[in-house]
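In what follows, structures are represented as structure tokens.
Each of the next two complexes has chain A plus one other chain: chain B in the first, chain C in the second.
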Partner chain A sequence: MKISNIIRIFVLSFLVSAGAMNAASAEPVWYPLPPEAYKFGQRYPDAQNLLFAFDYGHALVYERLLLRRGTIPNPEAFEKQLIQDVLKILKNPPHIKVEEQDIAPNYVFTFPLTVNLFDWSHMLHQFVLDILATSVDRGDGMKARVNEIFKQYKANTPVVITDQCKTMLFMDGHYFSKAFRSQYPSFNLLIWSYHWFQIKLYEALMKPAQQERDVAVNKVTQKFWDLLSNLPDSADFDMMPETAVEAPTFAAMFPRIPSAFDNNHMLHDITSDILTSDKVSRDQIRTEAVRVSRMDQDPAAFKSAKCPADKP
Partner chain B sequence: MKMKLMATMGTLLVAQLASAHDLPRGKVAELGLHRLERLAILKKVDASFQVNAFSMKITVLTPAQDTDPKYQVDISQGPAADATQKTLTLLADDEAKFVSFSTNTASEPASAPKYPQKDAVGFLEVALHCVQGEQVESSTVCTDMAALAPFNTGFKSVSLQPTVDAQGAIIGAQAEILADGADSKVIVSIKNDGTLADANPVQIVKIQ
Partner chain C sequence: MKERKKIMRAHPGFIGVLVIMGVCSARMARAETIAPSAPFYRDFTMKVRKVANFKVPVPGSADFSFHYELDQSTPLLPTFADPLLSDLPSVPPEPQGYFRKFWDKVLLKDGSYVQLGDQKIPLTCIFISGQDNRFLGVPNPLFPEYLIKVYLVANDYTCTGPVNPGWPATGSKKETWDTYIYYEVRDPTIMLPTEVKLRYRWAEYTGVLVDNGGGAPL
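Take a look at the complex of A and B:
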């Protein structure tokens, strides 16, 4: 056989196998599920159900912003209705993870890459909670197990959000930035309260004794409701809560995970801005969504020089 | 043994106190901008502060008690014809958590530039990120400039001026940053879209 043909066969085989590998792992499918999966909810059902409700709330607001785009004559009234509807869900939350395509089909169709990144990242969020809530070993064993899950998360590169710290300009520096918080300040603070709650759960679960963890989770849940009690004044955030700031014990043990979470939260806010800003035309929404999602995956985009995890 | 233990505890206490106060003042200034934005969005202060912010300065206070504020951040609009300046004053604790605000009585700025894309606060944010040594979009100019560090830790004030082309159209803004004890100033040149200018985006020049 000619050498050129041998080379052609080799290159083709390589491309096919590489393509097959990529195609097999391009979806946010975690198989097999970790044995700890959703056990956080068995111990802390109220907190778990709130997390399910947040997913529902995010999808609902994105769907409404998309469907009502350009036809919201009274943003204050729109926001008030949205908050009422979401509070009903929070007070009577689902007990399972709701499929976004069922509640927000237009959003899922318009933001396919973003949705995949969120889904994969939310699985990391969940499984880390599950391990922290159930691990008998509170030291090296627990740390190793979380890092194992984190490694598995990072291996699915087509849908991984980077764990490299980004500056706030990633969220606040685009031409469409801050549109959502300007038009819907109370709902924006509701979302930042969700993020605060999620982050604080990690910190609560770092307490050494089971009883301490149980008390801490209850306190975080109560504080969450306090944050929502009189929006906007009850949620005194000037900016998106950051994981390393709100969960320092967790950040010390797992230095790279906080930025993976923060980059997810920033992408949520950016998505809200794209959907709200009149500087983004309807035709541009999908391409902008792909562009910012790719930035969220790119460790070099808006890279922060102040990442605690990068310190020697 | 007792003395050694006390000395160790004393060192730990000092270290604790030191860490609570070692927030660079450039960071405090940036947090002040975020607080201004919240107040303007919630209509607790006039939105003109966001659009017409002209200068910002930080004063480190000497609290008499633990509950007294540690930082005062003043954000002013441009000077009015009668030389007054509308000013928002923010007070923060030693962790730069803002605890109160007030505004003065002053006249409208004699002239306020109409930036076509970003508002004034947006430009100030970019300048403060730069002086903190952070990347601005894909530019690493600020990250690579170690000489900016004293302007972050010792940040005193920043002021903003529009930059215009030959036809007088606004093409961006220039932020001038001063620091305590520095005989130079930092000039950050920013385009309308918030990216750094192509030529001489960040300069450190002697104060005349």
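Take a look at the complex of A and C:
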């Protein structure tokens, strides 16, 4: 073989592999990780560990609802036990990102698309926090960096949750809707408190000065514990907290991201409902999970006419 | 001074040796000031979950469930009065620092067991083979600070293993334990079992944790 041919093959294979590296992957693996990845936790370890504990808490409730499906004689006692177990984890949270597969292998196996969407979306949540916590430039530079990450997120189309605003009917308009909320009201408020905490962190990190950000993150963390202090009374949410409402400064700078987060949070509630409602048979769980996950990806499904980001 | 120069000329590796000794002693000093002593690692052994349920997923059939209950007793004396430690320097491209390896053996109280189908087999000891990564200087929540490999050993009241210490001179197999539950813990705050494996009479099966609440047998 001529040397020129060898070089040509080498260049071709390099281009193919480089193309593959740039192409978005269907697997929820963010590679290479952004340089800011998990830097939020270095500045705010308590808040970061709480976020890891939320992942644990979400996975645990899904796993138990699935394992105990149809065999929960006393929902009140079940909820009490669940809250007790999750509070233990929140008060003594993991210091590493725990694989959902290790906590909830049955749930992960039954909800593959939903889990893919959550995983990918949670990485966006995390990296936005990381950028907001570490960016020295608090203006255009930070904005550009977040938008760059958002663009990378959206490039992985097979597992992207749409950033189009959806109405609350997406969460509450199904034949199985609100089952979890009505059977386990305290735990539902705990989950909404998780979501409130996540959203409020974005707003806290929008403060211009480092000291202000530190104070704001501490305040949000303290308020989160207040919300949990005497459930259900302590968390006074009538509806799922929305990003644009709770984090207006963040929403003004990044108008498309709030909907992406809210759509993720709604899918969490929908998953809880599917697992709780006796209107969904065991055989239907997989199908329903895929159906609603596809809706979460579809910008046309339950599209809201009142999306601030759509205004010219 | 002249004499000193003479020695250095006579021993060209002298400075190099001094540098290496300096680096080693600095590293050891760091280990002494930062790294905890052996009893610190015993805590992990005592925190191993006392009850857990697992299953081996089986396609097209009912999964095989198993669970254990245990209660820690005393360390295996005299070797494991305290856990054993060994510090290993990292090798590039890994970050500069060192890994701390630790090992521990604690006997279990009578009544500890693993339930496999209708068999209740006595669990006799815990063997821990762990690694403390904190001295590598890479704070990253995707890279665990600790990796704790847990062996819950059945049927061996001497806790001799995992390798036959005199093998092959002492005959038989290289490994000693024919039945145990193995898992890895990556965060001692939650002691969550991951990478579960069941070895039953030398045959091995991959398992997953089943947390249905309360740790009660399924």
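Just so it is clear, the second predicted complex is superposed on the first by the 288 of 312 C-alpha atoms of A that agree within 3 Å, B and C clash if a C-alpha of one lies under 4 Å from a C-alpha of the other, contacts with A are read in each partner's own complex, and residues count from 1 in each chain.
Please note the rule applied: contacts are C-beta pairs under 8 Å (C-beta built on N, C-alpha and C of every residue); 3 or more make two chains touch, one makes a residue touch a chain.
None of the values given here were measured: they were computed from a predicted structure.
Once the complexes are laid over each other on chain A, chain B and chain C both fit without any clash. Judged by the touch definition given at the top, the superposed model places A:85 against chain C, while chain B stays out of reach. In the superposed model, A:48 makes contact with chain C only, not with chain B. Of the two partner chains, chain C is the only one that A:63 touches; chain B does not reach it.
Look at A:99: by the touch rule set out above, it reaches chain C but stays clear of chain B. Once the two complexes are laid over each other on the shared chain, residue contacts for A:210 go to neither chain B nor chain C. Once chain A of one complex is fitted onto chain A of the other, the partner contacts of A:232 are limited to chain B, with no touch recorded for chain C.
More chain A residues lie in contact with C than with the other chain of the pair chain B and chain C. Contact with chain C, but none with chain B, is seen for A:38 once the two complexes are overlaid on the shared chain.
In the superposition on chain A, A:284 makes contact with neither chain B nor chain C.
The superposed three-chain arrangement places the nearest Cα atoms of chain B and chain C 24 Å from each other. Residues of chain B touching chain A in their complex: 31, 34-35, 37-38, 41-42, 98, 117, 122, 125-126, 129, 132-138, 143, 193-194.
Against chain A, in their complex, chain C makes its touches with residues 57, 139-145, 186-187, 189-190, 192-194, 208-214.
Chain contact summary for the complex, chain A toward chain B: residues 167-169, 172-173, 175, 178, 181-182, 185, 232, 237-239, 300-306. Note for the complex: chain A touches chain C at residues 38, 41-42, 48, 52, 56, 60, 63-64, 67-68, 78, 81-82, 85, 89, 92-99, 101-106, 109.
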